[in-house]
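Each of the next two complexes has chain A plus one other chain: chain B in the first, chain C in the second.
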Partner chain A sequence: MSEPILTATGLTIGFPVKRGIIFQREVARVQAVDGVDLTLHQGETLAIVGESGCGKTTLARGLVRLRDIDAGSITFMGEDITRQRGRPLSDFRRQVTMIFQDPIASLDPRMRIGQSMQEPLDIHSIGMPAERKRKVQEAMERVGLNPEHYNRFPHEFSGGQRQRIGIARAIILEPRVIVCDEPVSALDVSVQAQIVNLLEDLQRDLGLSYIVIAHDLDVVRRLADRVQVMYLGRVVEQGEGEQVYNHPRHPYSKALLSARPIADPKLARSRERIVLQGDVPSPIKPPSGCRFHPRCPVAQASCSAHDPRLEVAADGHGWACAYPLAP
Partner chain B sequence: MALLTVKNLRTTFRTDDGPVCAVDGVSLSVDAGQVLGIVGESGCGKSAMSLSIMGLLPTSATVEGSIQLGEHQLVGMPNSELRTLRGSEVAMIFQDPMTSLNPVMTIGWQLEEAVRLHQKVSRREARALAVAGLAAVAIPSPEERLKTYPHELSGGMRQRVMIAMALLNRPRLLIADEPTTALDVTTQAQILELMRDLRSEVDAAIVLITHDLGVVAEVCDEVAVMYAGRIVERASVDELFARPQHPYTWGLLASLPGRNRAGERLHQIVGSPPSLMNPPAGCRFAPRCAMAMDVCRADPAPALTEVAASGAVVACHLDAATRAREGARFASSEDSA
Partner chain C sequence: MNAVDWRAGALRFLVLVLFLLAAVGVLVVVFYTAGRPLRPAISAGAGVVGFAMAMLGIGLLAWSRRGSERVTGATAFGAMALSVPFLVAALVV
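Right after this comes the complex of A and B.
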């Protein structure tokens, strides 16, 4: 396998839980991301999958240093950037950019889209103004937008086009890594396919490495070389696409895989369905033992006491479960 | 006898730039105890159609054609009568539950009010119905939930509360407009399971609107595929997946991520839907259709015609043999094997 480009070790990111009306004081911290390890290799796509509230966005923002890290470290091209500031941080942010979950909220409605896309160039003072505009128009063309629409406003674009604007903004700095937070979740199925294909073309043409976050395993099936499944701030299963999709060992991965509707009415009627009940519990008071046990369809008595660790085998497939499913 | 019969529905919005015909001659029907799916891309007129049936359009809109619900003709019905029907005979659930929930009132207050608006019952009876309603949509400890406010619930729970509210007065027709689009896959699976249970328990007709054919396969009996304000194909769900007829349906089927294996490029429908202000002549899908012929680009547009021996209808100029041959490539695995 190629060189690691971005790694995280024991990454822990919390939020303060505050009490009091006037003098708010921190009474506890919730661990939204709790000891996550990951390695992204040059040119590959790592997918991170899990339900709403499991910590995906917090992890993504931590990885691009948009959030403070409580513990653990991030290494980019061999250099520890966990606590970098100033110039080194700005260099890092040029090379590791992000595509946001909500293409609508991530664009300033009063700013012309050309300006929005140019903003990163302005922040990093790259090129002369005329050159910047040319760069933006090149990027627009690359992501399938009409460069003549440079002066339009976000509301004049459809959801899929707005996501293309977000992508253009992310590639304009010629980064090496893009962290994509739910790049297609807000889009129609037909537009999802266009964006997935676009991300793939860009990866091939520009030599990018991706971390792609999604709540739906099917959506990232096409893109991902490797997958990490998260539950309540932790990685519960990881492996190559083939391992996780075809031989899931953690009951949660299996449940996520079976949640996606099957576009075949006869199969849909006959298949055995695992519908997970309830929601992801609050990370303020995570369940004892295995955090998945209150919702786990195969939980045993010991699961509420014993917290399984993620064990990774030599082939890279790992899971955190005391009673894993048969391969 | 169908419970809901829509004939030649035309819904037009007046805008500053001219009229937008969001629904252009749609006909369909649903029986009690059945789920009709309406699929199509964003902007094709799905919501405009459901709001037309509900009588919830803004005053800038005009509706022509016929919407017959049981003994009532809804087109031209005075607003006061429509209001009585809404919430009793017809109910709607929206993509965003906050469009029907009041953020400053408790769940219990809202459910009880919804009951008392349409049924002559005491506070206590209304409360009992509210509790039963929450229990029916599998909300744990329903009595306690009555005291909570919408923002204290997760997205999936809010969606359940809205479904409970819609069903309180036992409507004969339920319209669900993208009820799971904003939800996680796991929560979506819970809501779809709930819809399947409801179909068998409540003898209502359900119209389920979605952009995802996977969702259709899970819960619907009949499907209408909509493109740029018109229905281009209508069939039973088994027929649609076994023998899809319209090139646009093929595109929707092929873009489903679950159907593509690693190493295979995702099929995409090129381009985007036309503006409804100024739609192309002839078949509206022609600018994006790989099979388009000269005849497709000229008026009149292909009319919905019956497909031999299947009960399905399709609006496409391709001949039956070509549709059968090409369509087989997009049929469900089991049927094509």
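Right after this comes the complex of A and C.
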């Protein structure tokens, strides 16, 4: 395995809950990401999965420094970028870009897409104006868009085309890492397949590393080399894609996988379904002990007192459960 | 965790007061240019802002009673208290 390109250690990101308007008082804190460790290698795809509200997007935004980090550190190519500002942060953002979930919201409706895609080049002062336009048109061609559509507005494109624009904008700075925040969840299935293929092609051609945030487990299975499963701001299981998919050890991972729709009705009827009881607990006041214990189908009495840490075995498969499932 | 950030609070309060005074100033100019004498124009300007703050306070009180995470009774009564000097000024000038 190559050297890690991006590493996060004990990453903690929270949001204050405030009372009052003029004289504000912090009454609680939503711990959206709580002590997450993460390592991404060159050319690798790391997927982060979990249900809505588990902190995936906050983690993604924290990794590209779009959110302030409360604790922990982020290292990019050996350099600590956790508290950097100004020029070093700008250089980091040139190397680590992001594809956003909603292709409509991520594009300015008043800007022509050529301008939108050229903006990163303007910000980082890359090339002369004529050269920038050529670079934009090359990026458009690379993602399967017609370069003649340079002067069109976002509303003149379909959802899939808009996501291609978002991808072109992410690759135009020739980054090393792209953080994809649910890149296909806003698209229909046939377009999803096109975008997944495009991401794979770009990774092969440009040697990119991806962090893919998703809740579509089939997309993750196709794209990811390694998977981290998040629950209530923490990583509960991690490992190679096949380890997590075929031999989940954490009950939450198993429940998540069992909720995946299967196209074959016979197969769907024959498989074991685990339906979790209750809602996700509030991240303001998480349960004592193991955070998953109130919903866990195999919870024991000690689970409410003992908070299991993520133990990673030599093969890279790790889980945070005192009573893991049999492989 | 539970401490009030007094410095930021004082700054926000100052900005609010300046905004209200500026609003009174704008209204005075509007009434004066519409042909009212200066003192009735000041009275009307302060009265409008004071009345608006009092109404805002009542609204915030209703909001806080309904169970808001952000708006408290203190916020609502604070807004009402802030309306008092403006209403007094409207009556006295």
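Structure notes:
What we mean here is this: the second predicted complex is superposed on the first by the 323 of 327 C-alpha atoms of A that agree within 3 Å, B and C clash if a C-alpha of one lies under 4 Å from a C-alpha of the other, contacts with A are read in each partner's own complex, and residues count from 1 in each chain.
The definition used in the following text is that contacts are C-beta pairs under 8 Å (C-beta built on N, C-alpha and C of every residue); 3 or more make two chains touch, one makes a residue touch a chain.
It should be emphasised that the depicted structure is a prediction, and the values quoted were computed from it without experimental measurement.
Partners chain B and chain C, brought together by superposition on chain A, fit side by side with no clash. Touch criterion not met for A:Ser2: it reaches neither chain B nor chain C. Touch criterion not met for A:Ser125: it reaches neither chain B nor chain C.
Once chain A of one complex is fitted onto chain A of the other, the partner contacts of A:Val219 are limited to chain B, with no touch recorded for chain C.
For the combined arrangement built by superposing the two complexes, chain A sits at the apex of an angle of 90 degrees to chain B and chain C, based on C-alpha centres and given in steps of 10. Counted by residues of chain A touched, the larger count belongs to B, out of chain B and chain C. Of the two partner chains placed by the overlay, only chain C lies in contact with A:Gln24; chain B stays clear of it. In the superposition on chain A, A:Ser158 makes contact with chain B only, while chain C stays out of contact range. No C-alpha atom of chain B lies closer than 11 Å to any C-alpha atom of chain C in the overlay. Across the superposed pair, chain B and chain C touch chain A at no common residue.
In the complex of the two chains, the chain A residues touching chain C come out as 17-27, 29. Touching chain A in their complex are the following residues of chain C: 1-6, 8-9, 12-13, 16, 69-72, 74-75, 78. Chain B contributes residues 41-43, 138, 140, 154-157, 184-190, 192-193, 211-218, 220, 237-238, 241, 251-262, 264-269, 272, 332-335 to its touches with chain A in the complex.
By the touch criterion stated above, chain A contacts chain B in their complex at residues 51-52, 158-161, 188-194, 196-197, 200, 215-219, 221-222, 241-242, 255-256, 258-268, 273, 275-279.
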